[in-house]
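Here the chain labels run A, B, C, D and E in written order, and each chain numbers its own residues starting at 1.
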Amino acid sequence: MSDTVKHTLLFVFVGVLILLEGSTTFLNVFSGSWNSALVILNMGLISAIMALGVNLQWGFAGLFNVGIMGFTALGGLAVVLVSTAPTPGAFTAGGMGILMALVMGALTVVGAVAVYRFMAPGIARTLTLLAVLIVGFFVYRALFDPSVEAVEAINPALEGNIGGLGLPVLLAWPAGGLLAAGAAWLIGKTALGLRSDYLAIATLGIAEIIIAVLKNEDWLSRGVKNVVGLPRPVPYEVDLQNDPAFVERAASWGMDAVEGSTIFVKLGYSVLFAVVLLVLLWMAQMALKSPWGRMMRAIRDNEVAAEAMGKDVTRRHLQIFVLGSAICGIAGAMMTTLDSQLTPGTYNPLRFTFLIWVMVIVGGSGNNFGAVLGGMLIWFFWIKVEPMGIELIKLVTAGMADGSWLKDHLMESASHMRLFTMGLILLLVLRFSPRGLIPEK
Amino acid sequence: GGHAKEVKLGVLLGFTGPIESLTAAMGAGAEMAMAEATASGKLLDGASVTSVRADTGCIDNGLAVANGEKLVAEGVNGIIGGDCSGVTGAILQNVAIPNGMVMISPSATSPGLTTMEDNDLFFRTSPSDAREGEVMAEILQERDISSIALTYTNNDYGKGLADAIKTSFEKVGGEVTIVAAHEDGKGDYSAEVASLASAGGDILVVAGYLDQGGLGIIQSALDSGAYDTFGLPGGMIGDSLPKNVGSDLDGSFGQIAGSDSKGAEVFAEMAKAEGFDGTSAYAPESYDAAALFLLAMQAAGSTDPAEYGPKIMEVANAPGEPINPGELGKALEILAAGGDVDFQGATGVELIGPGESAGSYREIEVKDGANTTVKFR
Amino acid sequence: MIVVEDLHKHFGGFHAVDGASLEIAKGSITGLIGPNGAGKTTLFNVIAGVLEPTSGRVTMDGEDITGLPPHELFHKGLLRTFQIAHEFSSMTCRENLMMVPGSQSGESLWNTWFGRKRIANEERALRAKADEVLEFLTISHIADLKAGEVSGGQKKLLELGRTMMVDAKIVFLDEVGAGVNRTLLYTIADAIKRLNEERGYTFVVIEHDMEFIGRLCDPVICMAEGKKLAEGTLDEIKANEQVIEAYLGTGLKNKDKIGADA
Amino acid sequence: MELLNALVAFTNFVGVPAIAYGSQLAIGALGVTLVYSVLRFSNFAHGDTMAFGTMVTILFTWWFQSMGISFGPLPTALLALPFGIVLTMGLMLVTDRTVYRFYREQKAKPVVFVMVSLGVMFMMNGIVRFIIGPGDQRFADGERFIIKARAFKKMTGLDEGLAIKTSQGITVITAVIVVALLFWFLNKTRTGKSMRAYSDNEDLALLSGINPERVVMYTWLIVATLATIAGVLYGLDKSFKPFTYFQLLLPIFASAIVGGLGSPIGAIAGGFIIAFSEVTITYAWKKVATYVLPESMAPDGLMQLLSTDYKFAVSFAILIIVLLFKPTGIFKGKSV
Amino acid sequence: MSGNPYQDDRGNKDSTITNTHGAGTMQPAHRKSGPTTKVEGDSPFLIGDCMTGGYGKGPDILHDCTIAVNPGEIAVIVGPNGAGKSTAMKAVFGMLNVRSGAVRLDGEDITQLSPQDRVVKGMGFVPQTSNIFTSMTVEENLEMGAFIRTDDFSDTMEQVYHLFPILKEKRNQPAGELSGGQRQQVAVGRALMTQPKVLMLDEPTAGVSPIVMDELFDRIIEVARTGLPILMVEQNAKQALEIADKGYVLVQGRNAYTGTGQELLADPEVRKSFLGG
C-alpha cells in the first residue's frame, strides 16, 4: 500500500467516524445525531487549525510552544474587541485614560531598556534604571486605576468594559491572528534572543499571565464575568425556524424546522472553518515546498551552520513563531465565535495546550496533513472516549452485583478515562509510530 | 399501568474539572428526584424516568456543547444543567435555544444570565447573586459591622457576588477595605491572606466555595490569626465547613438561599439514606431542578419542551399545595387530577422574573460547630 | 584585508584573547597555530561574529565589522567552515549547496504564495550552479544522497563547496585536519589551493599539523596566551625559540626506550 | 514596640507561610532538577507523581486512623509516609520499565522523553482520579499548632500575633533534613558520585564500569521519595486535590529554572524566591506601614504593588527577568 | 531525521526542557553479560579475532577484522576516515554486536560480556572525545576511574599523580577548566585508575599541539614500559607508527596491512595511501 493511499485512508477513517456519529447509535458510543456529528466536526476543524499552527513551530523549526492556550485566548479577546457593540460612554469615561496609561507603561519599559543599553554598567545605571521603573510604575498606576474604575462602573452587571468596535465578527478572525502575533512577537523577541532558548517556560508563563489579565481586567472584556451573546457570522436558528421559506426547504429535505435549522447553521460554520483551514493548509504547504521551506529545514538541521551560511536564524525563528501563534490566535477567535461567548475561566492548559500537543504528535509532526489529521482524530476521541469508557466499564462490571461499592466507584470514575486514554494513545503512538500517523516525508 | 412511557432527563454537569467535587452529589440529587417520581408510578401514567449524564468539564465550552448536542441527540426531554455559569451560557446559546430544549440549572448563579436572551427556555433553581448581595449587606448592617474585607473565588459567580456585596454594603454605609480574588484549586493562599489581613476590617467575607478555595482562605486566615469571624455567602454554607474548620468558626455567620421550609432537612435525610451528602452545595437545587421538570411535564401532560416549558413557573409558584422533598408522588397525583401545586422542594423554590429563584434566604450562624438557622429573609 | 586591533575576549576573569593584533593580507593563505588554549578558536569566533568581543576592533577592507552577527558577515563575503563538519544532514548534498546563496526571492514567504514563477526560474539557475560546484569537487555522484549519509571527507568537501556557491572573499577554516586521514587532508589542501589561485579567495587556517601548514600557508601566525607570539614563513616560525618552547617542543624523549623492557 | 509589631505582623503573614511554601516548592523542584540532570528531560509528570505519592499516603493514613493508630501530636500521615514513598517508588520503577527504558535504549533525544512524560502525565492524572476521585481530601490530624496567634499575643503582650502550624514546622524541618541528606548522598557516597558522573557524561560513566540502569533506578527512587515528601508536606499544610497538584507543576518548574536547571542548590533557592515573590510583591504593606510610620503619615491605601490576582504572573515575570540577565539561572545550571 | 525516528528532536535546543549535556551515544551490544569460556592454546593477551559486525541492525562495518596486542606492546591502528577504526575498538570493548568472530582477553573468551563487565575484567578505554567528567574535580575523575574497585586505591592515585604531576596540582579543580592536553592526561589517568590489564586509546592526540602530543606519547611509552599493553587508534600516523611495536592498517573494515610500526612506515604503498606520502 503506497503512503498516499494509506494517508488518504486515514482521512477517510476520520470521515467515517464522523459519519457514523451522525448515523448510528452502535454500542452507545455514537450518538446517531447529525447535530452532534457536526459539533464534533466543527471543533475538530478548529483543533486542526491549532495543530497546524503548532506544527509550523514545532515541526518546521523545533520551537517548543507550551503557551498555545494564551494565544487562543487572545484570539477570543479579539472577537470581543472587534465585534461587540461599543459601550456607550466608556471611552470618554476612562478609555482614553487607559490608553494613555498603557502608552505610559510602554514608555517606561522602553526607557528602562534604553537606560540599560546606553549607560555604562555600574551603580549609576542600576539607580537610574530603578528610578525610571519606579516612577514609571507609579505614574502608570496613577493614570490607570481611576480610568479603570470609571469604565468598570458603567452598568457592571452587563457591561463594565470598554466594549468593542461593532464590526462584523468575521473580521475578528484575522484580528485575533494579529493580536496573537503581536504577543508572540514580544515573547519571541525576549525569549528567542536569549543565549539559551527559554521559549518553553516563557510561553508557559506568559500564557498564564495572559489568562490572568483576561480574568482580572474587567474593563477589557468583563474578566470572569464573561462576555456572552457575541455576534455570529451565520444566521440564528430561531430566525430560520420563523422563516417560512426555510421551513419549506427543510421539509423538502425531510426534516422538521428545528432539526433543519440547527444542522444548517452548523454546516454554515463547518464551511467557514473548512475554508479557513484549507487556505492555511495551502499556504503552509506552498511555503514548505519552496526555498523558504528548504531554509527552515536547514536551520532545523543545524542552526550554527545555517547562521554561518547567511541565514538569520533568530529572525526566522521569530517569524515562524509569530506565524504559528497567529494561526492559533485565528483558531481561538473562531472558537470564541462558535461558542458565542468569551469565558476566560475556561482556559486550562491541559485542554488548550497539552491536548493540542497530543494532536500534533499523534498526527505527525513536520507534516501539515498529519497535523490536520491529528487535530480531527484526537478531538473525536476527546469527546468519545467517555462513552467508550462507560461502555467498557459496563462490560467489565457486568458480572458484579448491582450497588456493590466497586461497581459504583468504577462507574463514577468512568469519565476520568478520558485523560488516561489520551495519555495511552500518545504513548502508543510515540512508541510504535514515533513520527506520527502521517510522518514527515 | 396504561402505556408506560420513558422520560429521559439529561444531567449535564462538570463531572470532571474544577468543581468535580461538587457534582457527584448534585447528580445524585437530581437522580433521586427521578427515582422518586418513577417509584411513585404516577408520572404520566407510569412513565419511568432515566437520567443521562454528560460532562461539561465546568470550564470547557467545546466539550459542554458537544455533550449538550449528544444529549439532545439521545432524545432527552429536558436538561438539568449546566453547572458553572460560563458553560451554562454556552450550552444555552448553542444547544438549548437552537433546539428548543428546556434547561434548568441548579447552580449557575451569575447575574449575567438573568438578562440573557433565552426564549423562555432557561430556568434556575438558584437565585441570582445580585439578590444575595443585598441580603448580606442587610445582615452585616444589623450586626453592626462597619467594615469588611472581601475575597471571592475568581469566576463569574464569585466576582458577580463580590460586586453585589460591595455595592450593597457601601450603599448602606459600610466600608469594604479590600476586594481580593482567590483562585480555586491552587492550595496556597498565604499571599491573599497576607493582603487581606493587612487591609483590616471587622470580619472577612469569603465569597467562595466551601470545599474549594474558600475553605483554604478561612483555614489560613484563622491559622495566622488574621480574622476570627467570617461572613459566609451561600457557596460557603454546608456542614462540611464547620466540620473541617472546627470550633474556631463559631460566631461566623452568613446566608444561603432557602425559605422557611423544612425541605432542606428532609432532603438531607433522604440523601443520607441514599448515601450521599445532601448538604453539599447545589445538591438540593439539583433535586429541585429535576423535580420541576417532572412536575411541569405532568402538568402539561407532555414531555415536549414546547408544551411543558410554560408550566414550570406554574408548578414552582403559588397558588397550590406546597410540596416538600419526598412528596413528589403526592404532587404528581394532584397535578394529574388537574390540581395545582406550589413546589417548595429542598430549597423553598420560588421562581421570579425571568425564571430564577426568588431568593429567600436563610440566615445562618455557626454555633457549637454546626450551622444553625437564625432567621429567614 | 582583515585587521584585528587589540582584541580582547574575557570569559569571566579568564582572558582567552588578550590583546591580539594581527593582519591578514588579501589573497594569502594564512596559517594560525598555537598551543591548546591559546585562543585561536576564540579569536576565530569573535571575528566570525559567534562571540562578542570584550573590547577591540576588527575591520575588513577598512570597514568596521566588530560584533556583526555571522549571517551579516556572510553577506559581506566572510565565510567559515567548521572543525567538525556541519552539514544539513536531512537534506541532499545538492540542497546543501542550493540553500547557501542569500537573498533568494523564494526565502520570502510572500513569494512562496504569490511569486512562484520567479522562484522556479531562480531554482533552475541555482541547481545548475550547485552541479557545477559538485563537479569541481569531483563528488557529482553524491548529489542526491542525504548529506548525513556520506563519508566524513565528503562532508568536508561539501563544506568547502558551500563557500563556492557565493563569491566569498575570505574563508576561515578551523582545524580541517584534526581527525582527518592525511591523504584525504592533502586532497582538501589541493582544493583550497585551487580556490585560492583560481578564484582569489583569502584563507585563514587553524591547524596543528605542521606538514599541512607547510604545504599551504604563507605567512604563519603563532598565538600564545591570547596574543600574537610570532609571524613569518613556516621556517622562520619553526626556528623561533619562543614558538618551540610554547608550541612545537623538541620531540619525544622516551622514544628509544620503547620495547627495551618488553 | 511598634517596630516589633510590624516585624511580627510581617513574619506572621509573609515570613512563616513563605518559608513553608518555599520549602515545599524546593523539594518539588529538587525532583524536577534531578530528572533533568540525570535523565536529561523536563518531567511534565512530576506534579502528578506528587499527587500519586500523596494519594497513597492518604489512603494509608486513613487506614491507620481507622485502626486507631496515631502519632501523638504529630500527623498520622508521617507514619504513612514511608508506605507512600515505597509504593511511589514502585510506580516509578514500573513506569520506567514499561515506558522510559525503551526510549533510553533507543538513545532517544530528550525532547522525545518530554513528549513521553506528557503521555505519562495524562495517564497518571487519570489513575489518581480513578482511585481517590477528583475531590479535596484533608488528612492532617494531631496537634495543629506549635504556637497560636492568640497565645503568642498573650505571651508577649504585642498587638500582633504569630502563629506557626505544626505542618509548617514539620515542613521546614523535613526540608532541611531531606536537603542535607540529598547533598550528602550526591557528594559523598559512591552511588551519589556515580549519579553525578552519569549526569556529566553518560558514555564515560559506562566505560568506568558504572551501570547506567542502576543509576537510573536510583534516580527514580530518589525522585519518588522527593515527590512524595513534597506532595505530602504540601497536602498536610494545605489540602490534597489532584488538580491542584497538576497546577503545582508551574511554580515548581519556575523554581527549578530560576535557580538554574540541573543545580540542586538552585532548586532550593528558586523555591524560596518564587514563594517569597508571590507573597511579598502582592503584599499590602498598609499594616506594616501603619506601625512603622508616624501616625500623621499613616497610609490610606493598601500600599499594594500589584493585586493578589497576579501572584502567579509575578513569579513568571520574575522568572523571565532573571533569565534575561542570567540565562542559566541564578546558580549556573546545566544549559548550553 | 535520517535513521532513528526517536532521535529526531527537530533541532530543538530549548534548554528549559531538554538537557543534551553529556548525553551518551554508545549502544552497548550486551546489557546483560553472557558466559565466558576459557580458551586453550596460545593466543595474544587481547585479541579481537576475525570480527564482523555493525551498529544495531545496520550493515556490517567490520569484515573479518583482527587486532591484537600483547603485554608491553603498543599496537596502533591507522586507516582512512570511516574505515572502522573506532568501530573496531568499540567492538573489542563490547559496544557493538559482533556477529561473527570473538574477543579474547587473557585466555578467556569475553565476546558475550557487557562493557561494564569488561571493565571489571581489566580493560580500560579512553574514547576519542568527551573522555572526562567536566563538572567533577580531577580527583573525582580519578575516583570514578576506580569505580569498580573495592580495594584501597590511594596507591594507584599516587602513581597517576606521579606520572602526571600537573594533575596533582589541579586535583581539586573541575576537570572542565583544564586545557586540552591536561584533559587528555586526566583521561588517561582515569583509565589507569582501573588498574587495567590493557589500555585502549582512541585518537588520544587529536587536536593537541605538537608539544602536548610529544608529552602524551612520552607518557604512553612510559606506561607501556610498565608492561601494560596499549592499543590505540591514531591519525598522526607517522609519529604513532614510530613508537608502535605493531601496526594495523584498516580499510573499509578489513585488515589491509599488518606489521611492525617500522615495516609499515617503510612500505611505500602504505605511505602513499594512508600517511599522506
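FYI, a contact is a pair of C-beta atoms (placed from the backbone, for glycine too) under 8 Å apart; a residue touches a chain by one contact, two chains touch by 3 or more.
This one's a predicted model, so the numbers in the text were calculated from it and none came from an experiment.
Engineer: Which chains are shared contacts of subunit A and subunit B?
Structural biologist: D
Engineer: Please identify which chain has its centre, taken as the mean of its CA atoms, farthest from the centre of subunit E.
Structural biologist: B
Engineer: Would you mind checking which chain's C-alpha centre is most distant from the centre of subunit C?
Structural biologist: Most remote chain from subunit C, centroid-wise, comes out as B.
Engineer: Identify the chain pair with more contacting C-beta pairs: A-C or B-D.
Structural biologist: The comparison resolves to B-D.
Engineer: At what distance in angstrom does the C-alpha mean of subunit D lie from that of subunit B?
Structural biologist: 36
Engineer: Where the centres are mean C-alpha positions, what is the separation of subunit C from subunit E, in Å?
Structural biologist: Roughly 29 Å separates the two chain centres.
Engineer: Distance between subunit C and subunit D based on Cα centroids, please, to the nearest Å.
Structural biologist: Centre separation, subunit C to subunit D: 49 Å.
Engineer: Take the average of all CA coordinates in subunit D, do the same for subunit E, and state the distance between these two points in whole angstrom.
Structural biologist: So the centroids are 43 Å from each other.
Engineer: Counting only residues that touch at least 2 other chains, which ones in subunit D make the list?
Structural biologist: 42, 111-112, 114, 129, 133-134, 253, 257, 307, 309, 312, 328, 335-336
Engineer: Send over the residues of subunit C in touch with two or more other chains.
Structural biologist: 89-90
Engineer: List, in ascending order, every residue of subunit E touching at least 2 other chains.
Structural biologist: Residues 1, 6, 8-10, 12-13, 15-17.
Engineer: Report the complete set of touching chain pairs.
Structural biologist: Pairs flagged as touching, ordered by label: A-B, A-C, A-D, A-E, B-D, C-E, D-E.
Engineer: Show which residues of subunit D lie in contact with subunit E when the two form their complex.
Structural biologist: Touch list, subunit D to subunit E: 36-37, 40-42, 103, 105-112, 114, 190, 193-194, 196-197, 199-213, 253, 257, 261-262, 328, 334-336.
Engineer: Which stretch or stretches of subunit C touch subunit E in the complex?
Structural biologist: 33-37, 83, 89-90, 146, 148-149, 151-153, 175, 178-186, 208-211, 246-255, 257-262
Engineer: Which subunit D residues qualify as touching subunit A in the complex?
Structural biologist: 42, 44, 99, 102, 111-112, 114-116, 118-127, 129-130, 133-134, 246, 250, 253-254, 257, 307, 309-310, 312-313, 315-317, 319-320, 323-324, 327-328, 335-336
Engineer: Would you mind writing out the residues of subunit B in touch with subunit D in their complex?
Structural biologist: These residues of subunit B touch subunit D: 16-18, 20-21, 24, 154, 177-178, 180-183, 185-195, 197-200, 211-212, 215-216, 220, 223-226, 244.
Engineer: Please give the residue numbers of subunit A that touch subunit E in the complex, ascending.
Structural biologist: 58-59, 61-64, 196-201, 299-303, 365-366, 434-435, 439-440
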